[in-house]
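Listed next: structures, encoded as structure tokens.
Paired with chain B in one complex and with chain C in the other, chain A is shared by the two complexes that follow.
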Partner chain A sequence: MVQDIFLGNYTSCVAARSTNRAILAGSQDGGIVTQLFAFALEEGIIDGAIVAGPGDEPYRPRPMVATTVAELYAARGTKYNICPNVSFIKEATRSYGLDRVGIVGTPCQMQAIRKGQLYPVGLRDVPDKIALAIGIFCMENFPYQSIVQLVEDHANTKMENVVKMDIGKGKFWVYTERGAVIQLPLKITHKYEQPGCHVCLDYVANLGDVSTGSVGTPDGWSTVFVRSKKGNDVWSKAMAAGCFETKPIEEVKPGLELVTKLATEKITKNRKTLEERASFGVAKGLRNPYI
Partner chain B sequence: MGLFERILVIFQKKDVTVKTPQTPAPIPVAEPAAPPTEAIPAERAPVVEEQRPAVPPDEKEPTTAQPDIKEVKPVSDKITAGHVHMSGCTGCEVALADNYAGLLTLLDKYVDWVYDLTLIDVRHIPEMDVALVEGSVCINDRISVEEIRETRKKAKIVVALGSCATYGNITRFCRGGQQNQPQHEAYLPIGDLIKVDVYLPGCGPSPQLIRNVCVAAYLLLKGNADQQALATAYLKPLMMLPERGTSACFCDLMYEVIDQGLCIGCGACAAACPVRAITHEYGKPQGQRDLCIKCGACYNQCPRSWYSFDVVNQYESIMETIDAAMEP
Partner chain C sequence: MSKVIEISPTTRHEGHSKLVLKVDDQGIIERGDWLSITPVRGIEKLAIGKTAEQVPKIASRVCGICPIAHCLAGVEAMEASMGVYIPDDAYLLRVILQCANRVHSHALHNILSLPDMYIPGTDTKINPFTPEEPVRSVAKRIQRIREIAQTIGEISGGECIHPSNPRVGGMYKNLQPRAVSKVYDLAKEGVVLARDHMEFMIAVFRNYQKRDWAEVGGMKVDIPDTLGYHNQGYMAADPLYGSSSLDENPRWDPARWNETRPWDWYMGEMEITDDYPEYPIGGTTPKGAKAWPQMEACTGVPLYDGQPVEVGPRARLNVFRGYDEKGTMAQQIARSMEFPDSFYKIIECCDALNTSASVMADEVPQGDGSLGWAANEAPRGCDVHLARVLDGRVQFYSMLVPTTWNFPTCSRALTGAPWQLAEVIMRGYDPCVSCATHMIVVDEDKRLVAEKLIQ
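Then we have the complex of A and B:
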């Protein structure tokens, strides 16, 4: 077990990608989340997974309880805006009748789930039914309207034209169906971020059973942290079943060094924000949620 | 912390040596240590034997085994607790019972249930370590007011169980007129009349929250130093809630989370709402305030209302500890 103040606790860290071409065809990077849920679903480790499914407008996600692999496929790819997956956590165990729930989410959503397991104020019978929580790396999130602003105003294309968005190499990328690639410097995107993200002290989803993200590995691959006993159990079974192709994280570029650098940057910046909030007004501060 | 000291008083009364200082010890961050898990089954072994008065006591304890003290031992190992029923729907007690076999484990090993109008033939509130109070207090009803005062006198720790006792909840909307006591129209959360030590909000509070708190309370009383520190850290947020006040509703989420620029649109509030009054429009919670029953579940479930890294970072070992403690 590695314990790192910025990267959290983890039993192993690898570069990985799915061995399933169909998954990779529509995935953001290495198809880790889709592949792991698909495997867990087929093996009966989970009965269904709460994922960011398609919504009413292009790139506007809506939480969805996927109980088939086809439904998982429909939710592939990163949408870069808020999807309240945790809002379905009780619904999944009630209306959908799932006894073993999978859920994917940002670091703050992993925090919500773990707080919910320890202090289930309004989550009757939920705590013991979280079978696999996959966390995704997250520097910050955007409201949907911010994404519209970035795509339609700054990138100057319609939301309907977009086939993929990405944040990487210091830029926000928009790919259109006609093959245009628009890149925006992150300097532009910063002001559109969700304000609540600026007090977040977790970059790599320290509380996921498994957490994953593109940072640290080459294009088409993902960095994977295996953290909990449940995570380790599912991950080893999936590896044994040949679901993933992996490389030691030490052998890929840019590797954990970049992950650590970005995690340190985020957490240091947000700690400063929390300090600034304490003296925000005149002899009056803003609330600090952490006790 | 006052409560912690009082718990230690009970603890010492139970004849167990306390190694920890009286102030809650800091918990090492992100230390999913195995020791708490292992310590429980080891400690539990003698207790299991002692549950059965029919079996002659054997000499596991240093005390000389006399057949006539067999009634005393099991009681002294547990804490005493009871359920005080004010104006509520009994849903909170049902939530307690919904631990099913877990409830039997709790009663077997950790708690002597001494007062409960629904289950036990005891008419007057006895002395007890912990009183779980369900429901708000009808201030137009003399007996209710007397009973809540009596509860404060007789119980060392008063726990407000459920949202009526903590925040008023649905009883906030009462206007009287119900037969056969139509004049009963004014209801207050118990914290408006007595000092409350711990809040367990929720309509109803989930069986697992009740279970977790019971196990934490037991570890606080009977565990080793590490377990005590962990249990203290776990209970701390729930002990701080009474200081915050006796009302909560969707508006608290607006005032203290969204308006403070802290909301991250995770969805926990909507999942917690028992009346489905919260939806997410473009990623942010929208409450239909006419539907809100003022239970405070959304606010308390929110990861940005109160959040302890010390506790939540250890979620895995805490859950394992609880599972181990709940093994029959």
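Then we have the complex of A and C:
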């Protein structure tokens, strides 16, 4: 078990991608979440997974309980705005009738789930039904209106045209249907971020069973941290079944160094925000949610 | 010369109540009063001015054992006042919820009433918590039955305690096919357990019926053949679910209902003249203490056709299925017979449920202030909620809960039994006292002034 103040506790860290071409075709990077859920579904490790499914508007995700691989496929890819997956955690065990639930979420959502498992207020009979929680790396999130603004006003393309969005190499990328690639410097996107994200001290989803993200590995690959016993169990089974192609993280560029760098950046920056908030206002500060 | 004995508080049931008993020299009850001493909940007053959506949720908080019955009765009282007709599939979900609640509640009550009973063929009382067989496997079966019922309730109602899904106009969500099959499988498992359990419970109760004596706190007491007999009538609105003022043929009639004050009904101030420290759980109230049932009772006394009536499993079987056995054990047996029925009904509903249908009414009128009532057959009997809703706000709300009906009836049934068995008779009603407590008005002379509920 590796213990790192920025990267959390993990048993192993690898660069991986799915071996399934169909998953890779629509995935953000290595298709880790889709592949792992698909494997867990087929193996009966989970009955269903709460994922960010398609919503009413383009790139506006809605939580969805996927109980088939086809439904999982519909939820591939990152949408870069808010999807309240945790709000479905109870319903999944109720009207969906699931006994073993998988859930994917950002670091804050992982925190909510773990807190819910510790203090199941309003979550009766839910904690023991969470079978697999996959965390995704997150620097910050955007409200849907921000994404519309960025795509339609800064990237000058209609939301309907977009086939993929990505953040990487210091830029926000928009890929359109007709092949255009628009890149916006992250300087522009900063003011559209959700202010609530600026107090978050977790970059790599320290509380997930498995956490994954694109940072640290080449295009088309993902960095995977296997953290818990449950996560390790699923991951090793999936590996044995040949679901993933992996490389040791030390052999890929830019490697863990970049992950650590970004995590340090995020956490240091947000610590500063927390300190500022502590002295905000007259004779009183805003509460630090981490204390 | 008659003596006065008080058992306070009574144990192994929900809420706080006590028994004030006037007994003769042989220890036989001449007149008994069973009354609620639970503090007032005040739900009916809290409800006024709230929205129709809120009130059933508040009403369900009156008790944690049958919140489902109160929630459903509340929701349906709102619907009755507003004139909302719910889709068939929402009704099926509610029936599933209702049955789940009934099973879990009856199973819980078994744990409470078993310690009075004997293992058939022996003189050993049953301790449901003993690790020894055959009781151990019975206790485990009860736990499993409750677990099944609560899980079914959770799926169809969102929560098994204080269900979140019943809404004015239907249900929050229909079930997914997978959830329906889960409910079906659980009910199938439950049917088998319920049948075994029913047979065991009936054997235990029949055995008690045949016994000549029982031991209570070291005293050997003769069990009369007429234990718990009374000549009051029965009231039930439905064999399983309920009825409301929207029905074509409503099976409950507010015109036949009348409420009187405990002042008119219970005994006056008395001094306790006898005590038995060896009576289980702390003995009876010491000599010299005062009892004043008229003043202490925290309930109204509802009358149906001018008389107190019995509600509950036996009433349901009596009214709808011609079950005419009298007495406490018959009541317990009737309760046991409801186990398999409930599971069969759940299975039926699962088969009938259309998982792709809407479970919300298309149109929900906001109410014109007319009186609506809904009677829900809670585990303990007919639970009637009455409401007036005007423009979505509740103007008037009243809950006529099962144990309120049973208080005066059970008081009558105590007569003729040895006082030591008074609690056995009382437990036959599966009392759930907390919801039975009502607001009362006291004037300057500390006399109760009846609250007129329906203008």
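Criterion: the second predicted complex is superposed on the first by the 291 of 291 C-alpha atoms of A that agree within 3 Å, B and C clash if a C-alpha of one lies under 4 Å from a C-alpha of the other, contacts with A are read in each partner's own complex, and residues count from 1 in each chain.
One rule holds in what follows: a contact is a pair of C-beta atoms (placed from the backbone, for glycine too) under 8 Å apart; a residue touches a chain by one contact, two chains touch by 3 or more.
Treat the numbers as computed from the prediction; the structure is a model and nothing was measured.
After alignment on the shared chain A, the placement of chain B and chain C results in a clash. Within the superposed three-chain model, A:L118 lies in touch with chain B and out of touch with chain C [touch as defined at top]. When the shared chain is aligned, no partner comes close enough to touch A:T268: not chain B, not chain C. By the touch criterion stated above, A:E91 is placed in contact with chain B and with chain C alike.
Judged by the touch definition given at the top, the superposed model places A:T68 against neither chain B nor chain C. With both structures placed on the common chain, the touch criterion links A:D47 to chain C but leaves chain B unconnected.
When the shared chain is aligned, chain B comes close enough to touch A:R287, but chain C does not. In the overlay built on the shared chain, the residue A:P195 is in contact with chain B alone; chain C does not reach it.
Ranked by how many residues of chain A each touches, chain B and chain C are led by B. In the three-chain model built by superposing on chain A, chain B overlaps with chain C at stretch 436-444, while the rest of 94-102, 184-192, 418-426 or 436-444 show no clash.
Residues 90-91, 124-125 of chain A contact both chain B in one complex and chain C in the other. The residues of chain B lying in touch with chain A in their complex are 30, 32, 95, 98, 201-209, 212, 234, 236-238, 240, 256-257, 260-274, 278, 280, 282-285, 295-298, 300-309, 311-313, 315-316, 318-319. Per the touch definition, chain A reaches chain C in the complex via residues 47, 67, 90-91, 93-99, 124-125. Residues of chain C that touch chain A in their complex: 151, 154-155, 158-161, 165, 173-176, 178-183. Residues of chain A that touch chain B in their complex: 1, 3, 8-9, 60, 63, 81-91, 105-106, 108-109, 111-112, 114-128, 141, 143-145, 194-201, 206-207, 228-229, 286-287, 289-291.
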